[in-house]
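So that you can tell them apart, the chains are marked A, B, C, D and E in the order they are listed, and the count of residues begins at 1 in each.
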Amino acid sequence: RQHHTISTEKEPLEVSVNLRINKIYNINSVQETYQIDGYFMYTWKNEEAISYLKDSTANSIVFENDKARELINSDLWIPAFELINVQGSREVPNIRIEIYSDGIIEYEERFFATCSTNMDFKKFPFDSQVYQVAIEAFSYGSKKIVFTNPKLFLEKDHEDYLGEDWEFVNSDAHVVTKTYKYMDDSINSEKNSYSRVIFEIKAQRLSGYYEWQVLFPLLIIILASFSIFWIKEFGSQIGVGFTLMLTVVAFNFYSASILPKLPYNTFIEYVIIVGYIFIFLGIVAVIINHRINGEEDKGDKIPLLKYFRYLFPIVYALIMIVLYMSLIV
Amino acid sequence: RQHHTISTEKEPLEVSVNLRINKIYNINSVQETYQIDGYFMYTWKNEEAISYLKDSTANSIVFENDKARELINSDLWIPAFELINVQGSREVPNIRIEIYSDGIIEYEERFFATCSTNMDFKKFPFDSQVYQVAIEAFSYGSKKIVFTNPKLFLEKDHEDYLGEDWEFVNSDAHVVTKTYKYMDDSINSEKNSYSRVIFEIKAQRLSGYYEWQVLFPLLIIILASFSIFWIKEFGSQIGVGFTLMLTVVAFNFYSASILPKLPYNTFIEYVIIVGYIFIFLGIVAVIINHRINGEEDKGDKIPLLKYFRYLFPIVYALIMIVLYMSLIV
Amino acid sequence: RQHHTISTEKEPLEVSVNLRINKIYNINSVQETYQIDGYFMYTWKNEEAISYLKDSTANSIVFENDKARELINSDLWIPAFELINVQGSREVPNIRIEIYSDGIIEYEERFFATCSTNMDFKKFPFDSQVYQVAIEAFSYGSKKIVFTNPKLFLEKDHEDYLGEDWEFVNSDAHVVTKTYKYMDDSINSEKNSYSRVIFEIKAQRLSGYYEWQVLFPLLIIILASFSIFWIKEFGSQIGVGFTLMLTVVAFNFYSASILPKLPYNTFIEYVIIVGYIFIFLGIVAVIINHRINGEEDKGDKIPLLKYFRYLFPIVYALIMIVLYMSLIV
Amino acid sequence: RQHHTISTEKEPLEVSVNLRINKIYNINSVQETYQIDGYFMYTWKNEEAISYLKDSTANSIVFENDKARELINSDLWIPAFELINVQGSREVPNIRIEIYSDGIIEYEERFFATCSTNMDFKKFPFDSQVYQVAIEAFSYGSKKIVFTNPKLFLEKDHEDYLGEDWEFVNSDAHVVTKTYKYMDDSINSEKNSYSRVIFEIKAQRLSGYYEWQVLFPLLIIILASFSIFWIKEFGSQIGVGFTLMLTVVAFNFYSASILPKLPYNTFIEYVIIVGYIFIFLGIVAVIINHRINGEEDKGDKIPLLKYFRYLFPIVYALIMIVLYMSLIV
Amino acid sequence: RQHHTISTEKEPLEVSVNLRINKIYNINSVQETYQIDGYFMYTWKNEEAISYLKDSTANSIVFENDKARELINSDLWIPAFELINVQGSREVPNIRIEIYSDGIIEYEERFFATCSTNMDFKKFPFDSQVYQVAIEAFSYGSKKIVFTNPKLFLEKDHEDYLGEDWEFVNSDAHVVTKTYKYMDDSINSEKNSYSRVIFEIKAQRLSGYYEWQVLFPLLIIILASFSIFWIKEFGSQIGVGFTLMLTVVAFNFYSASILPKLPYNTFIEYVIIVGYIFIFLGIVAVIINHRINGEEDKGDKIPLLKYFRYLFPIVYALIMIVLYMSLIV
């Protein structure tokens, strides 16, 4: 009797899946990846397995690591499962296969995997992201293996399994059927249909770092840039304007290093772009004022600077509010 | 009967190849590499394989991972295929070999490989690139193994298998015969000829990031640099000129970090070089004006600054248009 | 007689654990990880093991590396232990299993592991951290295996096993029982309960680097910023103010690179934020003074600058003292 | 009859070596390393091997990968070769051993190795480098194994196997005898003598990147620095001088990041050092002029600036020419 | 007769060790590590080994790689040695075990290891460092295995096995006995005593890079900072002072990136700190002068600047000399 007898069964094998996540770490916004330290537990029933317990009085028998690998390579049928949204092989330091006297087989592994997901940074740094883990059987379509009853456990006893800068929102686990057109030319072929489990954890970024290290200094600098309308000397006005532009360039390059090269602009990048524009307009404004009113401030023909003193901060505040409203709220 | 009987066959074995690409990720412009997460499926016919099914009533028999590796190491002949344009070994977390009752052998593997290709950055950041995967049999020339019917599948259900900053243009899969002069001294020797499958995906870079984070600030800065002709004080003119030169140096070093050390200039580098030249010429212009007309602006002998105010932006705009026309369009 | 007989025992197996730490290195504050080079020694008694010594006259028999791995894979029951707070598999260059004539089994391994812990940086760079190593049996709950008598040894002969910038404070080793709700639906099930050993080393950061390379220059710069109240020219005042703001931005980005993106502010970041605010207020102060008193310093209406000369340093010193008192002491 | 019979032979075994280089990539000037993607083919004659073909009618028999490793571990003697100038183990994704009916054994492997060589950067970025691969038998001295007839093939069909920034100059392959004093205390002992094959590819750096991204901006900046002698205001002179010094510091740090920490100066570093000196001398010159002639330019006592206007550029040009002549030509 | 008979011997086994270092590379001052490419050769006598040669007429028999690993796993006793000051496992691309007809066993391996040592950077960049390799038997104390006659060979034919920026000073190899209190509770127990070989290479850093890329520009900048006492305008004095402070900040951050976060200051950091202080004092000095003597230089009350012109350089030179004398000489 061979180990491939599963192939002749009428009904697909039901495999229930538990995922316990110990930690989600190295969340990498630039590459849109994160590493997961967790435990998978697959459970199914195979009455042939009972024979492994026949000369034991115990309720179950445990196979660890190399012994488990030997078991997988033996006649007992233990299918391979694969992570779909993974980058490279997962590391599996420990495996346990336990066979119970009722034919239940429990396959458990601790794993470390680098997963990827598509992140939406439009609201960055006030964004939420969904960390996903998707699993399929590698060789057996939904005609042979279907997943049931997926459960996701999060390690609660160290609160920050997500890192200190993320806050758990909610989680989900569900089973879908995924159709490929790759395995067989006929799209409706049973070979093209696979059962997939999707585990999802939604988390909210804690934006304290970005507020204090990026947005606060940027706002201070933009605020300070409005001081050029309170300065009377043209030379100082111009010097301050260009020094501030150089400073915004520094923030530009910094924000460029913490996110991928996105084709769209994030909230933080809009703030920087608006900063560029306001500093540029400030320089243009003082030059226009200078051309019209001249160097000395005795009897300005048009009190442009006085208007700008209020116009610039008000328009800037309005734009920031609109930006915040339309992107974040 | 040995496993090397293939060597005595008259006709080369026909192997059809499917490649399903799950994701192209970590596209690295500096090293001209990209990582591919995908599935290879090689299919061929070998009637000797039928014996593996003889005591089974099923239509096919599956060998996964270690069992598949054992099969490769057994008498059944399963050739090794190699990626040509790869860097280092590919990772292969799962293998499936399925033998059908008509002697068809299906070898499937999920793989993660770092591939390289020659990228042309002349139009950067408005460039397109061709992501390529090339395959050959490792030990058997085109006299023994020929590829037929290559098919390339792209995972459509997550639209951005290419990353968010690339847009699919087209794809292709074809078979060529590659001739080496390495295997045998006689160049025409059959030993030097190999069948090669080439899969190609052409993609267009979405340049939003570079437009807003590099080109936009650069243009703002060059624009601002023309303000020196509207300033009357020589000291401010000179100070602004050199502050802006320092700012362009910052962009220079940034653009140097996102591309390889190319012997030619890209579009973005031309923009920076033209920026250097215009700021330099602006400094020269205000010095010449100062030497001719002196500090005070009462009755300039030659109204140089007035000419420059229009000359510089117009010439700059013309150069930018020519640059854009000749490189990008 | 099978190797899983442990499963039928009444009393849990008592395993004593020694950890000798050779070096804690690559302490990475950004990822909150550290690498440990050490030796684990697990000791327990199994009278079945005596049979391995029966044809030897020696007191004990040693199995190294591959021989030890072969032994683990044989009938003798040697359980797998796992590091809980590890990232990826640990490297194990050498294993020794020694069986003594009284049935004592000694399992020793040298290991290199990347561990993680939650670090609290609020007092940074005057912080202490606790470096932890937590161990559990992988497959066997506290009903089967309990740890006893954990001992932690630190390699004293090279004093700086912790790196030169950390000073040992104290260490601890203790056993706890950890309850999961993952293994079994019933939370009180014995399957959910595991014996865990926790080793802890508390260390104090030697802050010399941060004092001299970050805090000292920052204080010099803030101090120098107060010089603007001793300058009479408005142009110089403004120029100095903005140059200093650019310098604080540089420190901001530097401090951003040495710590994770924390949602809270550390001591060093408070110093930088207060720096931003004081330089900003300094700029505001000189502008207000300039508006009130005009350019020339002949007969100021209100001697604002004279007040600021003393007000700013005193308030700054007070804030620094309060900050230091509330955060560090 | 054992597999070590080679040890009793009178004449050393003659092994011919072919190296086909597919790509030299990741050329790292900082660590003086480069990665090689290539194929080694070792060929020798061993009449004992004929027995492997005895029940085959084919002309040769192929062993791939695991089958080849099994063959190496069998009685047939297949020696190990080592790369001398490698860093870490080479990756070998595929191995082929082919035994021909005349006793010829062909061992081929595809390999990926990180090699190192001593690079001479004195002429950088106008330098040439020699990429080397050196091979020896690991266990057998020149009494047992000698290399003959080494051949080096370069993959011509993608022209830039060397990367786009290097141009092939010439290549070479030769056999030398290397003497160690390590294996045996007697230096003249046969044990200390090994046959070594050295493959060498000389390539010229295409310096376009460095010319346009480093040398061109540097020259523009030095040129601009001579403008201080055309400025009449002392304040602007001094301001420009120090801003330019800050800019040269930026180039200094950039050039420091692209090369190892060499004890000698490269061409590019000489250009930077001369830049520092000229900007420093320019500052000294304008101060001296200011002390002698005073602020206002009415009737200078000594027209120093006029002399400097021509003296500085001429001396700078001369030094650059001498530098270029003595280092590069 | 089992392979563990060594355990019953009266006298410890004498093992002589040769280390040939091919290259010390990737010397990493920040992590205080270096990689070693070398060959270990362990030689000892075991008369039981002679049986492996009994059906051979040769003088010795060689086991390479997998065959050697098979031999280690056989009955012949070949102990495992471990590197003490290593980080992670060493890579071992090739192993040779040669058994001679007189029972001498030669175990040779090529290895690549990342070693660490405590570096003293107080004199940096004029420092010397000791590169160390320490070896112990993994399982057998000095009662079972003692090392004798260690020899260290350095590959002389490429002079810069240490990299171009280090110069060999001297080398040493000696055997010590290391006592642990870890293996046994009784500190004097034989189990706690191990024989250790220590290989040491002392090397002097060639400081050319740091002299020309860091110290020279820094000195130029400090020198240039004294120019503020030759400038009469207060505005220029202040502007130059703060621009130079920003430049020293750049050097500060650069020097921070090339060394670990040391609790003490190195020579280069003292130079930077003194630079900060002198630029700060220079700013204070010109402000004091300005307060006392006013803007215009007609008839200074106290010729402070004239004193400072000589006082500052002299004091600076004295401090530098004292620093150099006390730290370096």
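The definition used in the following text is that a residue touches a chain if its C-beta (ideal position, glycine included) is under 8 Å from a C-beta of that chain, and two chains touch if they have at least 3 such contacts.
The structure displayed is predicted, hence computed values, not measured ones.
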item: Chain C onto chain D, rotation angle from CA fit, given as a multiple of 5 degrees; value: 145
item: Interface composition of copies chain A and chain C: same or different, split at half; value: different
item: Between chain B and chain C, centroid-to-centroid distance (C-alpha), Å; value: 40
item: Length of the line joining the C-alpha centres of chain D and chain E, rounded to whole Å; value: 25
item: Where chain E touches two or more other chains, by residue; value: 235, 239, 243, 246, 250
item: Graph class of chain-chain contacts, one of line, ring, star, complete, other; value: ring
item: Starting from chain A, with chain B taken as the next chain, the full ring order; value: A, B, D, E, C
item: Complex interface listing, chain A residues touching chain C; value: 18, 20, 22-23, 25-26, 35, 37, 39, 41, 55-62, 64-67, 70, 91, 93-94, 96, 98, 108, 110, 112, 153, 157-158, 160, 163-165, 206-210, 212-213, 216-217, 220-221, 223-224, 227, 230-233, 235-236, 239-240, 243-244, 246-247, 250-251, 254
item: List of chain E residues in touch with chain C within their complex; value: 2, 4-5, 7-8, 31, 69, 72-73, 79-80, 82, 84, 86-90, 116, 118, 138-140, 178, 180-183, 234-235, 238-239, 242-243, 245-246, 249-250, 252-253, 256, 260-265, 269, 273, 276-277, 280, 283-284, 287, 290-291, 295
